[in-house]
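In the part that follows, the structures are each spelled out as structure tokens.
Shared between the two complexes below is chain A, which pairs with chain B and chain C, respectively.
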Partner chain A sequence: MRYVAWNEKTTTPVFPSDEKNIVPKAALAESISQKVMDTALRVGTGSDANFAATRGMKKVPSARSLAEQLFDSRAIFKQTASPYSMHLPDGWRGRLFAQIDSMLDSDEWDADDRLIARESYVTFFKLITLRGIHIRPAIANSGTGNIIATWRDGNSSLVIECKPHSIARWILSIEGGEKNAGEAPVALLLDRLSGYKPERWFDVG
Partner chain B sequence: MVAKSKIRALRGEVVNYKKPPISEAVIELRFAEVMPQELIKAIEARLQEKYPAKHPFHLSEVQSFRDNAQLQVTMGARYFSLDQADTVTVLAKTLTAGRMAPYCGWEAFFGRAKEDLSLAAKVGEFAKIERLGVRYVNRIDVPFDENGAVYIEKYLTVFPQVPAELGNIGEGLARVVIPTPYDKWIAQIIVTNMESPLVGHISFLLDIDLFRTESIPQNKSKVFQLFEQTQVIKNEIFKKCVTPACEELFE
Partner chain C sequence: MTSVSSLKRHDPIPDGGMLIRWVPWSKLEKAQDDPERVVGVMGSAFQLREKDGVKEPYLSANWSGHFGGDHHEGVTSAILQFENCSIQVKKKSVFAVGRVEHIKSELLSKGKKIRVYYAPMPDSSCPDEPHNPCHVAVSQIDIGDELLEALSRGAWKYYVPATDYFNF
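What follows is the complex of A and B.
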């Protein structure tokens, strides 16, 4: 009995025509900004203090305390991890949980940052369970409600902002000066990065 | 009853998969009467340390018969461990211990469930236990072939199907309820498909609900002895519902 994708999103790009809708690289590079990249590479230290403010974003007041909201956000991350957990390599789940506990600690958290959206966590787990990704990324907070995954190989780095709805926005920098930025559905990410030897970040040895 | 020798023999055959497909495992006690509020509060107080996150909820159910319709609302709460994987659900007439993925094996899960369900030890003093249930929801993630399709019979032996002339299936659901060869245990098996959390995959749910409503002892240790049997029964049902190609996906 032949089963096909019951939801088109499973196999086809989110954008009907991926190339047409892709954000121009120059604009994208600007929108991701060096600030986000710096933030991502400064893993474990939380996010840039004034990032939200520089983007003109306003925080939505909440009746819940910051500590309670961060507790919920940590819980959401851990709940989101569950359906992917059997596909994570040994030890990843525990280390990611330790990283998120540290990143979403109220002592570390910048009050101007937006809490990370559940949809961003979903994109993150879809990304790290892609076939061919064998190295665990470092994680950081974009300050704009998204989680960022970072891989480094010497002086080459790949920073991926996990946007809602399975969209990955990347900036990469190759030793020697080459840079690239782009945005694509997670399903197409490895294809888009194929010209940059992504195995340097994703593969062991 | 399942003979102890049979349990031992079958346990020897239990395969611990590297990537167990169990997305949720649940052990449930259901009582004949609503638990008194004081008892629920006492149970909740004992849960708080181990399960710091509480999610209250209510279940609404409309029961209608001819011109009569009744809305039943049941209040309850689900408690989560710090890593969100272990849960306890307290409803008016049920107490449930659950484990979300990653599943760490029967011994670990049942050991913890026994501890948590023992909170209901006093419950037996006020109301009869009327149902025992063990439910394993397995999610089997299968990669699409190059044509964006998957042939379900390659992986499962129980599945929804349509005549070939009707073509592909987008969504399917099959449900069977079978008396098992083991005493009073009954199994409900549901197979359906869903959008996979993984990129480029389809997921099939194989939901095995094993329960009994007859010959239920009202003694805690005997209840747990009965639950012990289910490890063998649900494993046997699972093995019969999947193919070797399916098992390869768990390695």
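What follows is the complex of A and C.
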């Protein structure tokens, strides 16, 4: 029987002719198992950690640096964008990526803030791909694990916190003093804002 | 920087004092067409944070009146004091500056009464905190995001970039 092992450094197969590079089968299996578990934990969300826990895997304490965690968060944002990309206006995808790269800059991040949850990113993309939203928002961090989208038209502003499970929490302020706040599923948001002429924030021209 | 304040711990801060709060980059409002251009401070900058599941008992800020001099000198001294804090001031961050009476009245108009008192560091609750003689606590400010947003667009809307005060 021919065994094919795996070269750890080059990730290319190693054949038996190079005997010294062969990893014993048991060690190989253990190595792969560890990699799967590491990947599950590395993703970093609660559900992924639970995945490892429910399968009897040993939970390895995260020793990742803040820079690595922010890198992962930027990557999660970009992965999350993928299925929504076709619904985004031209040029938005790259600009949104530039915005998230800037906001999650490891040189600027406050270490006491919670990283933004994947579920919040999902809500964000559902929000900005709503039919009727034609202006890209600015983004900020809630500090509690959610991304915030903001639109401003002169002194009128709309701030939407993207909560998990497709829930949008809005706070609006209209020039002249009118204010309103509320929470609704993203799909109902435009309906809930209809009394405040949301086109001032969402429409071009 | 010479202290001229005669306040004792837990004394209320005079209404004319200026409170300075450090705001990290991710809690700044940027222009929609330019993610590097700051146009304001988000309400989340004034939110009490949780650490190890426990919420901060108060909002921290530095007080300009602790030091002598005019308005500008007081604000400058209070900002420079952040260099000795546990906060690591970053290049693109800013300092939000708000007058005590404006902050109080902004919230009072919405039915929320806060208390601003002198709380130099370290104290018994934070014995490991670095020395900060102009630290103040804003208590009873566990308010909803609507009020925080009002604060950030009202009484605490002014800000100065960290690069004006520190070399990075």
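We adopt the following convention: the second predicted complex is superposed on the first by the 143 of 205 C-alpha atoms of A that agree within 3 Å, B and C clash if a C-alpha of one lies under 4 Å from a C-alpha of the other, contacts with A are read in each partner's own complex, and residues count from 1 in each chain.
As a working rule, a residue touches a chain if its C-beta (ideal position, glycine included) is under 8 Å from a C-beta of that chain, and two chains touch if they have at least 3 such contacts.
Fair warning: this is a prediction, and the values are worked out from it, not measured in the lab.
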### Message
Once chain A of both complexes is superposed, is A:129 in touch with chain B (first), chain C (second), both, or neither?
### Response
first
### Query
Which holds for A:161: it touches chain B only (first), chain C only (second), both, or neither?
second
### Task
Please work out whether A:152 is in contact with chain B alone, chain C alone, both, or neither, and reply first, second, both or neither.
second
### Query
A:83 contacts which: chain B (first), chain C (second), both, neither?
first
### chain B versus chain C as contact partner of A:173, first or second or both or neither
second
### Query
Regarding the shared-chain residue A:141, is it in contact with chain B (first), chain C (second), both, or neither?
second
### Task
Scan A:75 for contacts with chain B and chain C and give back first, second, both or neither.
first
### Task
Would you mind writing out the residues of chain B in touch with chain A in their complex?
19-23, 53, 80, 83-85, 100-103, 139, 141, 144, 148-153, 159-162, 167-172, 193-202
### Query
What does chain A use to touch chain B in their complex?
1-7, 9-11, 71, 75, 78-79, 82-87, 93, 97, 122, 125-126, 129-131, 166, 186-187
### Task
Flag every residue of chain A that touches chain C in the complex, lowest number first.
95, 98-99, 102-105, 107-113, 135-144, 148, 150-152, 157, 159, 161, 169, 171, 173, 179, 181
### Task
Name, in rising order, each residue of chain C that touches chain A in their complex.
24-32, 35-36, 39, 42-44, 47, 49-51, 88, 90-93, 144-146, 149-150, 153
